[in-house]
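Below are two complexes that have chain A in common, paired first with chain B and then with chain C.
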Partner chain A sequence: MSDTPTDRDDTDTATENADSESFFERYTTRALVAGVTVAAVIALLLAGMLFPDSLAGTLSDALTSRNTLASALRLSVPIAFAALGGIFAEKSGVINIGLEGLLIISAFSAIYVADITGGVWIGFAGGVVASTLLAALFAVVTIGFRADQIIAGLAVWLIALGLAPFASQVIYGSPNTPTVATTNSITVPVLADLPFFGALFSASPSVYMLFAAVFGSWYVFERTAFGRWIRASGENPKALDTAGVSVTRVRYAAVLISGVLAGMGGAALSLDLGQFTGNGPTMVNGKGFIAIVAYLFGNYNPVGAFFSTMLFAGLDAVQTVLQLQGIGIPRQLIRITPFVVVIIVLALVGRTQLPEAAGEHYETED
Partner chain B sequence: MSAADRARDALSRLVDASATERILISTAALVLSILIGAVLVLVAGRMTTCTAGEAVYYLGMGFCYDPVVVFDRLFLGALGDPFSGSWSPNGQFAVTLRETTLLIFTGLSVALAFRAGIFNIGTQGQMVVGALATALGVLWASSLVSGALGTVVLIPFGLLVGAVFGGLYGAVPGLLKAYADANEVITTIMLNFIATGVALYLVSGIFKDPESAANQTVPLPEFAQFPALLFGGRQDFSIVALAFGLLAIAALYYVLEHTAFGYDVRTSGVQPEAAEYGGVDAKRTVVASLTLSGALGGIAGAMYVMMVLGTFQTGIPSYGFDGITVSILAGNNPLGVGIAALLFGVLKSGTTVVQFATDVPPQLVGVLRGLIILFVAMPEFFRLMARGLPGTGSKSKAVATDGGTAGDRGGETDE
Partner chain C sequence: MATAVHLDGITKRFPGVVANDDVDLEVERGTVHALLGENGAGKTTLMNVLYGLYEPTSGEVRLGGEPHVFGSPRDAIDAGIGMIHQHFMLVDPMTVTENITLGNEPRKWGGIAIDRTEAREAVVELADRYGFDIDPDARIEDVSVGEQQRVEILKALYRGADTLILDEPTAVLTPQEVDELFDVLDELTDQGKTIIFITHKLGEAMRAADEISVLRDGKKVGTVDADATTQEELAELMVGREVLLDVDHGTAETGAVVAAVSDVVVENDRGVRAVNDVSFEVRGGEVFGIAGVDGNGQSELVEAVTGLRNPDAGEIRFGGEDVTTASRRQRIDAGMAYVPEDRQERGLVMEFDLVENGLLGSQHGDELVSNGRIDWSKTRGHAEAIIDEYDVRPPDADSDAESLSGGNQQKFIVGREFERDPELVVASHPTRGVDVGSIEFIHERLLELRQQGVAILLVSSKLEEVQGLSDRLAVVYEGEFIDVVDPDETTEEELGLLMAGERPGDDDGEGGTKATGSESADETERDKPADPTDAADGERA
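Our next item is the complex of A and B:
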């Protein structure tokens, strides 16, 4: 995080002209942050090559290690899936702040179903179904009964935060479940032997599913009529209504999709480890909220959201590697870095281009 | 167009939701959540295992948990079994009041921010910061004074330390919102994680009590804790603390309703555009209300340390999140917070009795917490139900007598 001072200056300038700020200026801020990050990484790698024995050397070793990429990919799976889900819901005009709850409920249900059926993929499906059901409840409450989206989203989070450990306690006598079998990773021959990038070709199935989901989401938004409807439902619901498409149905569909995607993330999270842990903030531990910041930073673009997730997950992966190498920063403090980075990123990106009608109810005029 | 329309929409909805209707909705939400909780207990009773003798039977099906017993324990148990003839001032009722006291402060913390149109999900983190600061500050100060004088000096001092540090921690998301446009829902949630992490680091390291295996600070001397007056001493309850809570309710009510600052807060909550047009400094109001909200959360932490634990220990119970439920249940009205805190205090204290009597896990209250928020957030649902069932109005009479001013004001959910 050597680039923090630069980032600070940037905030100041951004707030000075806060009144006159346009989309273009915000876009520049985002590009600047990305640029500074890339420049810092390159500088670090160069320094590491020149002075292999220094701290920079250790850091660049960590950054270029194949294990780092592998664990960054693994860590980004739940966050990126939830972020994709959040994009669908928010683009359609429903702010889904309950992603954390969807992750929690699917992480638990996946393990439970896998445990009783003995099938990992049945468990995965079970997690997705549970998350979709909770998302359906959220949809009915916010779209059908016009509840405040933020409060209903918080309720979804708190319900899952109570329900998953409750169910685990009832069924297994402890907030943590026993372990179940996990999936084997899929390895592409030859390519998997590449240095660094080989990690892309030897990963758990959920990583490949994530790639597919990122591409699929991008395709839906950029190339299909349904994607245009979702955008219109968030930006200008009246126009969509006039064009004869039901805003309500588009929003229901979008929120359900967000449930499916977040469910895939949550199920992958717990099945990857083969266990659900439900103490305190549960094993999900804020990933749903990080996902929200990831898609805001990615400007509601599925690919952008994926890369900003990789930024958070990469940071997390590097800190794990550093911990193993015994760099002298206390473990408890290293653990909070993703949360600090989220706040810094949010402060830099500031107000994002929220869809015009996000958070508002739409009344069909019949 | 949209700003003016939205403002008008918000106003008309406020007029719609009269005081009585709000109380009705909160009551209905509470009842409905408890009913769903009962169903959940039945379902859970099917999923767990027990011997045939322990099971109860409804409609020919056996259940391991009996919701009637559960709710009997939940409510009567929480009140210390007033009808059993063995009611004791040191019984469960004191626990209920202890929970109520803490919930009053976290509830007020959330309510104040809500009234300014801000979601403070960070009361939990502010409470952690306030609790740790109080534990360390009072420990340091307790070497300077002692005895009864010590109590008189140290308790206000501890509350002040908690308020200052909680307030500073609350100011962080306020500044981020006002000057960097960072959404406070996310920043406050992140700050909760950060507070817990840093507290764990400090308390497992430099501030750790060398004589304890747990991650905790050196315990405070007896005179630096809330004195047990009249009753409840064995349950870590002090009526002095409850009195502070009632005082805080009155003070916040006065500040919101009768001061210029309160006026700024309320108008910013109901109609931010109009407030700014009318000369309210929006940025300052955001920072001030989050700071004050954080201070109330910090006081909750101070209370927890000086009344309940007598030390700071990691893993502070989630009073901050419960505060969201309390505030929403109370329609974000300070007077309502008192009643909602008592109701939720009963639920919290009752679940421990339930666990003792029936094995139903105490996490049940966590589920109820979410359900209550969900139902209060959807007044439309109850309006529809009320239209279907004309007789629903009668059962809420008992609740309607207090907090009569509950609803006609309050930015509540409409940004």
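Our next item is the complex of A and C:
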């Protein structure tokens, strides 16, 4: 056939197109967001060096300050812990939007237990237990009784949102608890004196626990059979079931782990300050929901979730600095920047690879 | 030879139904045994009993002479039975190795971590032993359906299966992949594995199996030697009466042009031209067939005609009007019926019952709806009429579409569309996955419509079907009509060559085969052999 070579060429180019297209679909938006962020930061730092007195100067000062990193880390702890918990639950096929509630209940319980026992770490454990119990309730309702996961998740949030300040009111006569002892920070000599990165070496123990949890979660998903079962349970539970692994048990385990992790985040949040404040949205103030955004942006990867948490927390730390500096923009506007960025990020990333069976109940046949 | 599997008087009752009635089955070790029967004959139920998914009401399962009672698939797996379901049980984003070892991962470091090297080696070793060509690191979502099936087989072998049950394994495969599967089955039986192969396709049962057992209405009606039987005999056993495998389509008066497609170009979802400058006309009282290997633009063309996809160039006229950009609703109102190729995706709402599904497409008409309100009693009557006329089983209008078997879903859709009183029927693979008795019935109804002067556009990858039914037959290859032929004047071999992209008058056979062999971008499974025996569904005598 005379036109065979032309056919070949056509198809080859088409193959390349198809490949690059799927490549674009998979990576570009996420890479683009990351790239733009890095470029903007570099541009800002350069501008700040050239014009120290301008707005760019103020901003780059804020960005490079050790305090900014320190407060960003502090802020990421509850968000990133909750995000890790959310990853476990959702990868197994259970969407846990009750993370906010888990944070609230553990933040309060940690303070209460610390207050009555006098031990900060006992308080921490108390927070974790409380959050795990609430997660267990969520698991029974959604896995055992097959309730709608979104509604049950909202219920978890609302229960905690009502229960924690109420308990505080009953016990302490105010939605805010009295102050208890806080955790001491761990300081590595010499390294802690480094500019900027020094903040990494003089931080609360919860920061180091977070690092360990991020690595641990990554390891579980990438290297252990249990992590693989969690993935299979969220992607194609039937495949897991026919392979002889109980989907129900895997999902219970995953949701309980999400309770433990969110509990660590909540306890760390309140024990860092030594107090639980229960007014309005409580001291948790949407961190559980930001956590959901963080793990979606991190595409269910624990490390990705950690870095997207840091992006948000970094922005929040910078906006706090800017509020104090007074740069002529109304505070209220500055305060919302992290949230605006989150919305933009989500809109840009759009296509997150949701686990195929997330949100669906699984019934074993016969 | 020893008996590997022995089912003794298996009866399985469900409330109100006897799915298996005193079935005896003996399968020799190292052979392929086909379990043949129409949809709903009880083949899958019987195998689910063997696989431990169902406990039999009475009867006994013996493996190698030993009686076994299976409480769950886990027990069956431990006893060396593996089942490859029609819908694969694979986790798409995971790799081949991860899927094969799922649930039985080799461990290291005291069981904490997966030993990934060992897992990979085990898979490679297993694949080599049975001559499977498979990339252990590829993700399931990136490999073809045929490879996914081989992964399923490997998964069963990895778990130590000696007896493999394959449920309708060819339903999702291209003809070439079917060949490959049969090679794999040969290799497996050579190495002493036993295969039970569930199918409703006579030709495949004869090609692949050593022995064939036929089930009808839950009873075993016979076991025959595959070499000593004919398709006619099998068909009769299956259906319980004589079946006409060859359709005599007679002649009908052709009327005016009902639909005309001119110079139509359609791009697929990836922006690749799937249909390239195609023109044809369909007249009343005529079946215009489109033959071709799946993925050569048939789907896109049908979508353009039915209004599901806008053509990028060209014109489509229907009943004298330009409908190129007309909506689906306008086309339905104008009398265009459509039997979609994917019945579960486009033909039915799986969670709806048959009453509601029967309404679909008529919700804007005035027959079942008055003043914007659905007349449910009429709608129910409509659905029941379809069920009755088209022999949909079980005959219960309240059952959900998803509870029906594939063949019965298809009969219901065909019934709904044919009863619309259409001017034009666009039938895309109308008998895909349908048993032999129903195929005959659907073909008869199509020809009846033709006799009434309805225009029919028939797309099918079953060569026998398009050739037998069409008055004129177009062969499509890479989005273009290679030729339009008179099917009665053309041999299957000639059609096969056309389907492989060899233009008429081009006598260089080599070139044609080469062109088919080249990878195409938008459809990796497109390259199929030119051999017409593969393209046809194998239901030929």
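What we mean here is this: the second predicted complex is superposed on the first by the 339 of 366 C-alpha atoms of A that agree within 3 Å, B and C clash if a C-alpha of one lies under 4 Å from a C-alpha of the other, contacts with A are read in each partner's own complex, and residues count from 1 in each chain.
In the analysis below, a contact is a pair of C-beta atoms (placed from the backbone, for glycine too) under 8 Å apart; a residue touches a chain by one contact, two chains touch by 3 or more.
All values derive from a computational prediction rather than experimental measurement.
By the touch criterion defined above, A:I42 lies against neither chain B nor chain C after alignment on the C-alpha atoms of chain A.
Of the two partner chains placed by superposition, only chain C is touched by A:T224; chain B is not. Using the contact criterion defined above for the overlaid structures, shared-chain residue A:Q332 touches chain B, although it does not reach chain C. In the superposition on chain A, A:K238 contacts chain C only, with no contact to chain B. Of the two partner chains placed around the shared chain by superposition, neither chain B nor chain C is touched by A:A212.
Of the two partners chain B and chain C, more residues of chain A are touched by B.
Contacts of A:V293 after superposition on the shared chain: chain B is touched, whereas chain C is not.
Annotation: chain A residues 11, 14-15, 18, 356 touch chain B in one complex and chain C in the other. On the chain B side of its complex with chain A, the touching residues are 2, 6, 40, 44, 47-48, 119, 121, 176, 179-183, 185-187, 189-191, 193-194, 197-198, 200-201, 204-205, 315, 321, 324-325, 328, 360-361, 363-371, 373-374, 377-378, 380-381, 384, 413-415. Taken in their complex, chain C has these residues touching chain A: 53-54, 73-74, 77, 83, 85, 89-94, 98-99, 102-105, 107, 112-114, 116, 155, 270, 272, 502, 506, 508, 511-512, 514-515, 518-522.
Those residues of chain A lying in contact with chain C across their complex are 1-2, 4, 7-8, 11, 13-15, 17-18, 21, 223-225, 228-229, 231-232, 235-236, 238-240, 242-245, 353, 356, 365-366.
Residues 11, 14-15, 18, 97, 141, 145-148, 150-152, 154-163, 165-167, 169-171, 175, 280-281, 285-286, 289, 292-293, 330, 332-333, 335-336, 339-340, 342-343, 346-348, 350-351, 356, 359-360 of chain A are the ones touching chain B in the complex.
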